[in-house]
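The two complexes that follow have chain A in common; it is paired with chain B in the first and with chain C in the second.
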Partner chain A sequence: MQNVTKSKWWQTMILKTIAMVLIGFIVFGPLMGTLLWSFAEKWFWPAAFPQELGLKYWKIAFTGQSPVLDSMAISITIALIVVVLATLISVPAGYALARFNLPWKRILLVLFLMPQAFPQLPVFINMTSIFYRYDLVGTVPGVIAVHLVISLVYSVWITTAAFKSIPVTLEEAARNLGASRLRVFFRITLPLATPGLIASSIFVFITSFDEFTGTFFIGAPFIQTLPTLMYTASMGYNMQYASVIAILLTIPALLFMLVLEKFLKAEYISGLGV
Partner chain B sequence: MQPRAAVKRPSIRVSDGQREAVSGLVLVLPALLVLCVLYIYPLCASIAGSFVSDEGIGLHNFAKAFTLYGTDILFTIGITIITLVLVFVVAVLTASFLRFRNWPFLNFVYRLPLFIPYLIAGHTMRVFLAPHGILNILISRVTGLSDLPGLAFSWIGLVITFVWKQFPLATLLILGAFQSVEDSYIEASLNLGGNKVRAVWEILLPICRPTVLVAMVLTFVSTIGCLTIPLLIGPSKPVMLPIDMAFRINYMGDWGVANALGVISYLIVIALSMYYLSYTVKKEDA
Partner chain C sequence: MANLTIRNLSKSYGAVRALDNVSLTVKEGKLAAVLGPSGSGKSTLVRAIAGFVRCDSGEILLDNRNITHEKPELRNTAMVFQNYALWPHMTIYQNIAYGLKLRKKSPEEIREKVQWALELVDLQGLEDRYPKQTSGGQQQRVALARALVVDPEILLLDEPLSNLDAKIRYRLRFEIKKLQKRLNITTIYITHDQEEALSIADQVILLNNGQIQQEDDPESIYSSPNNPFVAEFLGASNVITADILEDDQGLYVLLGGARLPVPRGKKPHDKVSIIMRADEVSQDREALGDSSFYTLKGRISEQMYLGAKRRYEVATGEGHTLLVDLEKRLPTDADIELYIHRDKLYIY
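The block that comes next holds the complex of A and B.
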C-alpha cells in the first residue's frame, strides 16, 4: 500500500518538474535570450552560449557619449508629469463617478476606455496632423499629451473603483458630526483611497514609460525616449545595445509587478467590472 | 443634531438630483475635456479624413485601400483570429487549471509577459526566434539538425509573439471571474457525473461570459492595432494594417488612404465584436 502511494508521489513530482521546466522555458526563455545578449561581447552561431561575456555594452550605455542616459531622463520626466496630470484630473472624475448620481455614468466610463479598446494608430496619426498646426510635434508637451490620453483609462477606472470600495457610512459619520463635504473628502475619503491612487499612478507611469507608437509619431525626430531609442537599435541589428535598453525598460515594470500585488486590492478589480 | 435626516438619506446625496448631476459633471469635466480634445477629435478627424482625397469627397480612398492592400486586410484578419483563438485556449486552460488546483509557481510565473512592453516582447522574440536565435540553437543541440528555418519574420513568429504577450491578461481576467464562481456550482456539476472539462465548459464559461468577452475584445483590439510587434518580427510581405498606415504617412504623406485603412480596422473591430456578442447571446438562448 505504502509503495503504491510512494511511486505515485514520485510520478507527480517528476511530472511537476517537467511541467515547471516547460512553463519556465515558455515564459522565461525568450527573455533569457535578451538578457544573455546584453552581456554578450562575442556570440557566433552555433554556440549555445556567448563566447565572451562582459559588461562592455552596459558600460557603453552608461558613459557620456551614448544617448541612453539622456533618453532615460526624458522618459522618466515625461512619465512623472503624466502621473501628476492624470491624478489631478482623475481624482475629481473618479470621485464623481463613484459617489454622484451622474447621468450616462456607464457611457462615460466606456468613453475613457476607448483609447485602449479601439485601434490607436489612426488616432495617433491624426493627432500628429493636428499637433503640426500648433507646433506640438517633436516637443515634450506633445508627447505628454499622447501619453496622458492613453493612460487616462487606468487612472479614471482605478480611482473610481478605489472610491467605490470605501464604505459610504464612514463619510456619513463624519458629515453627521458636522464636517463639510470638502473636509470629509480630504480628511476621510482621500487618505483611505491612497492605495488605489498609488496603484493607478503605477499603471500610468508604466504606460507612459513604455509607450512607443504615439511617441514614435508625435515625438519624432526630436524627442528620443528610451523605447524609441531601443526600436532604432533593434531595427539596426545592434542586438547587444538594444538588449541593454530592453532590460532597462523592463526593470521598472517587473519591480512594480511585485509592488502592485500590495496595492491592487481584489475589491478594485471587481470594482472595474464592466 | 439631526439624526432623523441621516436615516432619511442613506447616502450623502444632495436632495436635488439635478444639482448633484451638475456638480458631478463639473468634477468629471477636466478629464472629459482632455479625452474629447486629444482623443475624440482626432478619432473623428480620421473618419472624416478617410472620405477626402485629391479626387474630392467620396470613397476613392477606400477603393485605393482595397486594391493596394486587399491581401494585407485579409492577412490582418487571419492573424488576429488565429491569435484570438489561441489566446482563448491557452487562457482558459491556464485559468481552469488554477481554478481547480492551487499552484503558486504557475500563478506567479504566467503573469510575467503582462509586464513586458509590446516593444520589448517584439525585440525579445526577434532574438529568440531568429534563424540563428536561441530557440534554434537549443533545438539543433538536442536534435543535431542544422539549417533550421527561423520563425522570426514569418506569420508563425508573429502569432507566437502575440499569444505570448497577450495570454496573461486574458488569463488574469478569466481566472478572476472563475474564482468568483462559488464552489457549490462546480461540485453540483461534478456530483451529477460531469468531469472538470464539462464543469469548465458548461458551468464556469457561461457564468463568466461577460468577463471572457471583455478579455477577448481587448486581445482582439490590441492585436489588430499593434504596430510594434509586426514591425519587429512580422514578415515583410504581407504585412499587418498598422504597418501600411505608417508607410502611407511616413513615405507617401498620403493621409487619405491611411485614414481609410484606419476606418477599415475600426469596422473589422466592430464587426467581430458584434459577431462575438450575437454568437454568445445565441448560445445562451439555446
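The block that comes next holds the complex of A and C.
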C-alpha cells in the first residue's frame, strides 16, 4: 500500500520536474543565449560554448564614449513621462467610460485602439509627416507623443476595466453617508482602483521602454533610446554589444514583475473580487 | 427620525414604468415593508428616496423638508445595500466611522459612537478586521451599524437579508425589528419574501408593475386582499379560474358543487378568479360553529406528506383541482367533503 503511494509520488515528481525544466527552457533559453553572448569575448562556429568569456563588452558599454548610459537615461525619462501622461489621461477617461453612459463610448474605445488596429509602419510614416509640420521629429516630445499614442490603448482599457470592477454600490454607500462625488472618488474609488492603475502603469512603462518602430521613425538618429541603440549595434554585427543592451532592456520588465506580484498580494486587492 | 411622505412619484425607464404614481406615508418610528416580485419597482422606490434615482414627477418629503431634488449626500437617509457595500480597503472600525468623519465629529465622539454602534449589533472585538475576514451575517451587521451610527432620519434596507442562508436570515430578521423599535427609527424595508414582510412590518406596501396594489397592516393585508395578485403573492395556494353560469336565480359559479356568488359587474360567460388558502379548509363542520360556510365536494386525486400535515389534491366535479392541507390521513381516491368560511373564499 505504502509502496504504491510512494511510487506514485515519484511518478508525479518526475513528471513535474520534466515540465518545470521544459518551461524553464522555453522561458529562459533565449535569454540564456543572450546572456552568454554578452560575456563572450570569442565565440566561433561550430562551438556550443564561447571559447573565451569576459567582461570586456560590459566594460565597453559602461565606460568612455559609450552611448549606453545616455540612452538608458533617455529611455527611462521618456518612459516615466509617458507613464505620468498616460495615467493623467486614462484615469478620467477610464472612469468616464466605466461609469457613464456616454453616447460615443464604443467609438471612443475603438479610437484608442486605432493605432494598433492598422499595420504599424504606414501609421508611423503618416505620423512622421504630420510631426514634421510641428517640428516634433527628432525631439524628445515627439518620441513621447508616439509612445503615448501606442500605450494609451493598454492604459485606457486596463483603467476602464479597473474602474468597472468596483461595484457602484460602494460609491453610493459613501454618498449616502454624506460624501460628495469628488470625495467619493478620492477616498473610495481611486484607492480601490490602485492595483489596476499600477498594472496599467507597468504595462505603459514597458511598452515605452521597449518601443522601437515609432521611436526609429520619429526620433532617429537624434534620439537614441536603448532599443534603437541596440538596433544600430546589431546592424554592425556586434552581437556582444547588442546582447548587453538586450539584457539591460529586460531588467525593468523583471523588476516590475516582482513589484506587480507584491501588489497582487496587497491586502486590498482582495476587495476587487467583491 | 421623521415622517416620510411620498406623493405621486413616477419614474420610467424607456417604455417601462418602474414607479407609477406611487403615494404613501410612513409615520415616525414605523417599519414599512415594501413587498413585490422582482421588477415591481421596489428597488427603484428605495433608491429614489436615497437620491440615486431621479424621478420624472412627484415629490418626497421627510417631515416638511422636500428632498425630491436634494443631492444624495445631503438627504440624511442611511441605506443598507443588498450586497452590504462595505469598503474592502477599510477595517470594520473605519467603515463605521466614515459617516461620522464626514460629519466632522470630534475624535472622542467618533470613538464613542462607533463603540456604541458595535455594541448595538454585537460586534465588539471585530473592529480591526477587514470585511473579507468576516462572515456574511457579520458583514450585514456592519452595514447596519454603519447606517445607524449617523443618526439618520430614515433607515432604508434594500433586501438586507437576501444574501444570507435561511437560519441566519430568520434570526437577523427579529434582531433588525428589535433594533428598529428600540431606536424608534422610521424604516423602509424592501423584500420579496412575503413571510419576512408580514412578520417584521407595521405596515406592508405591496407593489407590482410600479403600482401600489395594497397598503395595510400585515394582518389586514393577509386576511382581506384587494385583488387576486395580492392574495396570490401573499401565499394563497389556490387560484381557480371558473366560468360564470346563469339560471333563473341569477349569476353564479360552481366550486365543488357549492354555488358561489359573482361579484357585481360581471356578465354571463365571463370568467372569475376564486382564491382560497390551502390551510383554511376544514373537514370538521362543528369547528366552524354556526357561521356561514360553503361545502365543497371532491375526490382526492393525489397526496403529499409534509410532516405536520398532508397536502391533498382534490378534484371537483367541475374539473377544478384544489390544494388543501389537512392533518388527518386519508386514502387517495376517497370522496371528501370540505368546509370553508364564506369570507375565506375570495372571488374576483
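Going forward, the second predicted complex is superposed on the first by the 225 of 274 C-alpha atoms of A that agree within 3 Å, B and C clash if a C-alpha of one lies under 4 Å from a C-alpha of the other, contacts with A are read in each partner's own complex, and residues count from 1 in each chain.
In this text, contacts are C-beta pairs under 8 Å (C-beta built on N, C-alpha and C of every residue); 3 or more make two chains touch, one makes a residue touch a chain.
No experiment lies behind these values; they were computed from the predicted model shown.
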| item | value |
| --- | --- |
| Touching partner for A:L177 - first (chain B), second (chain C), both, neither | second |
| Contacts of A:S90 with chain B and chain C, given as first, second, both or neither | first |
| Contacts of A:I198 with chain B and chain C, given as first, second, both or neither | neither |
| Touching partner for A:V143 - first (chain B), second (chain C), both, neither | neither |
| Touched partner set for A:I78, first chain B, second chain C, both or neither | neither |
| Touched partner set for A:L102, first chain B, second chain C, both or neither | first |
| Touching partner for A:F212 - first (chain B), second (chain C), both, neither | first |
| Chain B or chain C, by number of chain A residues touched | B |
| First, second, both or neither for A:I188, with chain B first and chain C second | second |
| Chain A positions touched by chain B in one structure and by chain C in the second | 172, 175-176, 270, 274 |
| Complex contact set, residues of chain B against chain A | 2-3, 6, 11-13, 17, 20-21, 23-25, 27-28, 30-32, 34-35, 38-43, 45-46, 49, 105-106, 109-128, 132-135, 137-138, 140-141, 146, 164, 176, 180, 210-211, 214, 217-218, 221, 224-225, 227-228, 231-232, 242, 245-246, 249, 255, 258-259, 261-263, 265-266, 269 |
| Interfacial residue positions of chain A with respect to chain B in the complex | 20, 23-24, 26-34, 36-37, 45-48, 88-90, 92-93, 95-97, 99-103, 108, 111-112, 114-130, 145-146, 148-149, 152, 156, 168, 171-172, 175-176, 181, 184, 206, 210, 212-213, 216-217, 227, 230-231, 234-235, 239, 242-243, 246, 249-250, 253-254, 256-257, 269-270, 273-274 |
| Chain A - residues contacting chain C, complex | 167, 169-170, 172-180, 183, 188, 191-192, 267-268, 270-272, 274 |
| Parts of chain C lying in touch with chain A, wherever the complex brings them together | 50-52, 71-74, 76-79, 81-83, 85-89, 98-99, 102-103, 130, 132, 146-147, 150 |
